[in-house]
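Encoded as structure tokens, the structure appears first; notes follow it.
Labels run A, B, C and D following the written order; every chain starts at residue 1.
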């Protein structure tokens, strides 16, 4: 590691599960200094008191939460700001921070959609800052690496879109699939719901429970279909059924889809190897193994497997990520590395 | 409850998870006497020592395991025998027991398929007693009630088939669905794997894990497709992806399927109400609620929900059962009630 | 079962975990009619909508929540009222209900202490109805059976006191233990915290977590020491450390204690056999097996084991209950059976 | 980090849970090279195939298991060998490896006891290599740092001893406690039982279960009492009750103990601050917070809290570790850093 001056970063809304994972990753990143972490609720308190796993951490141990105001963030000297805020709140911060010259990595859904009309349809309200949508880049490095490198505002994807989009894009862009036949079923750990007091996410309500939700129209469909349509070169509508299962962390997705006329399983394998063979965070399992949430636990990997069902003629795509890492904070750090000029894996492997 | 002479029953292979659930249900059945329980491993030991939850049970407390031999079972005076044995072993018992005039409820897969060729294809070996296949009735009371009532050998369905077949049959038999487009994703608790020493099912291997398995061809596909084909009046091939999740008990299934030309969501609702409106163990949720494994925990209910996705034109069917109750032992007791002339819900509600 | 007129009962505060378990048990009780269930939050809604496991229940399915007011309860014709309310609220209901001639079984801590000064010390406020304390009987049938039978107000014990008091009382009352040396460590499932929106009891906060709490002075110490002092004939002060572990239901307790001069392990065994040998819900394991939460799951049993450590000369007592059954609702139904003249095990075995 | 030549290490028995955690930690250690990993069962297979979480790891990804023979280990050039073998097997390797000049860190119990007679008493057999016991150093750096630095054979402590010994030693060596009154209750995650096919550790057997075991005499008592006796300067016998709870990883311990005549809670605080105030891996919580398994998850920290119960006059000590890190592999790496001349926290913070 070069001994250059560390990049100063800020984390806004650091007390949720994504914020916590972001701090864990930033705490092991050799090229940065955490200049400021904010939390309205915990301003003034040391991180280690609120999130005791950070007590005694050599880098983060002594840091205190400050209030979540733009002037303070700017004054901290941060060049890069991670927004780990509830949906809707990020847009309030992004504009002022960008105008002050900071570069913003937003983990919320506020800037993931290019079309404000789609935002309205799926989020049931006007977009709070539509003028920024044009500048925002969708933060999936394996798909949009070069735009991310130059971006001032990165809209980091959600966990469901990561497990669904990454397996499909190489195949859709080559015309290997019938885009009308995509059916994605996803299983999510409970941390995806955030650290909020809600009876539905109590231990007793989630343990020994398994349930679908958000069927048939979950909000994340909007960004999934945006990215799939871009890859396919046509409007893609899919079926997507998310399920909540009793894991702290982890997400797996199973996709069933028909081939287009010309495709076969070898073409699938070739497409994955061509697009992802050199990717640091994509592990291609093919038919040799099945992705499992535990194998990607606390890593930034996505595992992708694929099988062909000769009986029905359908392709089955299987993927697994840690919803808080590759599905949130890890992917954001991966984008940050691109923005800040670090090797993409810095602090992540 | 009438004070008639209790029916004598035997449970063969009582020390597994299905056997244990069977004993729990039989222990609360007011019309039976457990004449004999067998276990090769635990012969001579009292049930309460091996399965301590039964210690002090007013009916089962004192009962001892005997060895698993046909003569002993016959000598016990049992009229009805539940076989809760590993697949392949049940066929050894069924023939001799039937020849001795006992009626047999088999919880294994040995007699679920009518066609020995299909058995060979999916179970990779000759069927051990093909001469009995003709007599066996598939033990799903909501579909085959009248045959079960008269049967001497009932092949009780597995848990996956129960969650998939029951939602589809009323729709397929009315021609409401395009049978080529059925895609079923199921999530199963770990008890489905049985009580056997296997590293893959250790606590540490299953907790914080979620994984598909048996993709694309799981053994239970054979009985699922047999029953769906019967309902549809044509050969049906489906995609089925089972997943293992960290629950002790419980199974949910999400099915995506296209309508046939003439169908709509009202026809779906009508079909369910017509076929299942009077069923004691089918709870029709429609679009009002989502089936959840915890709501059917330790019950013999199957919860069924359905939604129509106007965006893709697909129907989504959702179901939930307890894999050990409606998915195994409860359904077997429901069949037993039919065989023995009890009201179908006796001991189950 | 005699075909006598069923006893009418009401459940006040039926939407929490104890209320839910109470309804499950009452739903299988052959001698009662649930005349009224109340919930301020859910008044007017059917039980099955709020607690979907009760959908389709032959007895409880159709019942609706009513508002929690005394007149309505009285008007329902209920003779017996279960109060499953948060601590502090039960006292508001008990007085008016008693004055209207109803008999009350309170699951809260409001009436468990005989001395209002002790209540103030442990609950940090004046007792809301000290005039009722004299009439209240501590609802532990194995210890206070005859008083319960005649009681108008039964204060049902908490889960911790049940696992600690039942193993100790037979030994203390015979002078076998040095009462100054009692150290009790208990492990509780999360349902003990109730169904309330609290970040500390979210799935993600409790799964993969284990922690002591309420050390060194937990509120339940007050009733534990009251009962132990009664048994010992002198003031007893103990150490009690409760721990929260990731179970839905279940509680185990491990007690270390020194013998008094004259005692030995045979005297312990004799005492347990003399006092509990005929009890329906106490299973004496001695040194033959170790109590496990899973063995008492959804039962009203308490399992008790004991060992002598020859190296240190200390006795180890081990106990296990289901915190919602023997630790709350089951014990309340056991008391109800005594009040209403049913065999003590009715609806519980 | 200096760019010196990396130290070559070997891991023998790398396929168990401790071996896996060891590889995780070694994989992020900047000063080592993993020269050889062995497993009888998996010889010839790449690590990533057997433990898929290591697929794609920049350092460990390509490494293959070799057979577990001494010549191969010596030939690999390893200077330091970690033995992560079942108890009893380590002794077979230690002698030959030491004679070949390698330095050995043993994670098993084989060399933790100084007295072969104590080994025989607790492990029910002759010690396999008593001649090595004199050379072995107990690998608890906070207590035996200087001996570890010079050791050729380090016997790394178990998880229970770590949670019990570290809180007690500073107090015992100052005479603050009555050593006859120590009662330790510990709660362990299931990974402590190892990755072995055993029905008792299946998911279904451990989930929704909590149970004591090994009461009153668990094998680890022997090393606990050895270390406590050394600190106290007299023979110490304690009560120790281990419990199994449904966690993958994590251990908490609650100790109750009486003060000696002269002690008070301030003396306790002073002792901890004096002995552990500068320790990198001991976090002193005092009465400000309660140790929780989740706060030390995947870290090498031990959290220690303490409270005084004025009602009974007893001190309560609370501790938490990750059983696989500070309770096994992390502590071993901490010892390795001392042996190899690295800063003690290298690869661990």
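By definition in this document, a residue touches a chain if its C-beta (ideal position, glycine included) is under 8 Å from a C-beta of that chain, and two chains touch if they have at least 3 such contacts.
Given the structure is predicted, the values throughout are model-derived calculations rather than measurements.
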Option in C-D, B-C or A-C whose residue-number contact pairs overlap A-B by over half: C-D
Farthest-lying chain, centroid of Cα atoms versus that of chain B: D
Chain A and chain D, separation of their C-alpha mean positions in angstrom: 36
Computed distance of Cα centres, chain D from chain C, in Å: 40
Whole-Å gap separating chain B and chain D, where each centre is the average of the chain's CA atoms: 46
Chain D: positions in contact with at least two other chains: 205, 208, 246, 248, 292, 294, 297
Residues of chain B defined as touching chain A within the complex: 180, 183, 185, 187, 205, 208-213, 215-217, 237-239, 241, 243, 245-252, 254, 256, 290-294, 297, 307-309, 311-312, 314, 316, 318, 320
Chain D-touching residues of chain B, taken from the complex the two chains share: 17, 190-191, 195-199, 201-208, 246, 248
For the chain C and chain B complex, residues of the former touching the latter: 1, 52-53, 55-58, 208, 280-281, 283, 289, 292, 294-299, 301, 303, 345, 349
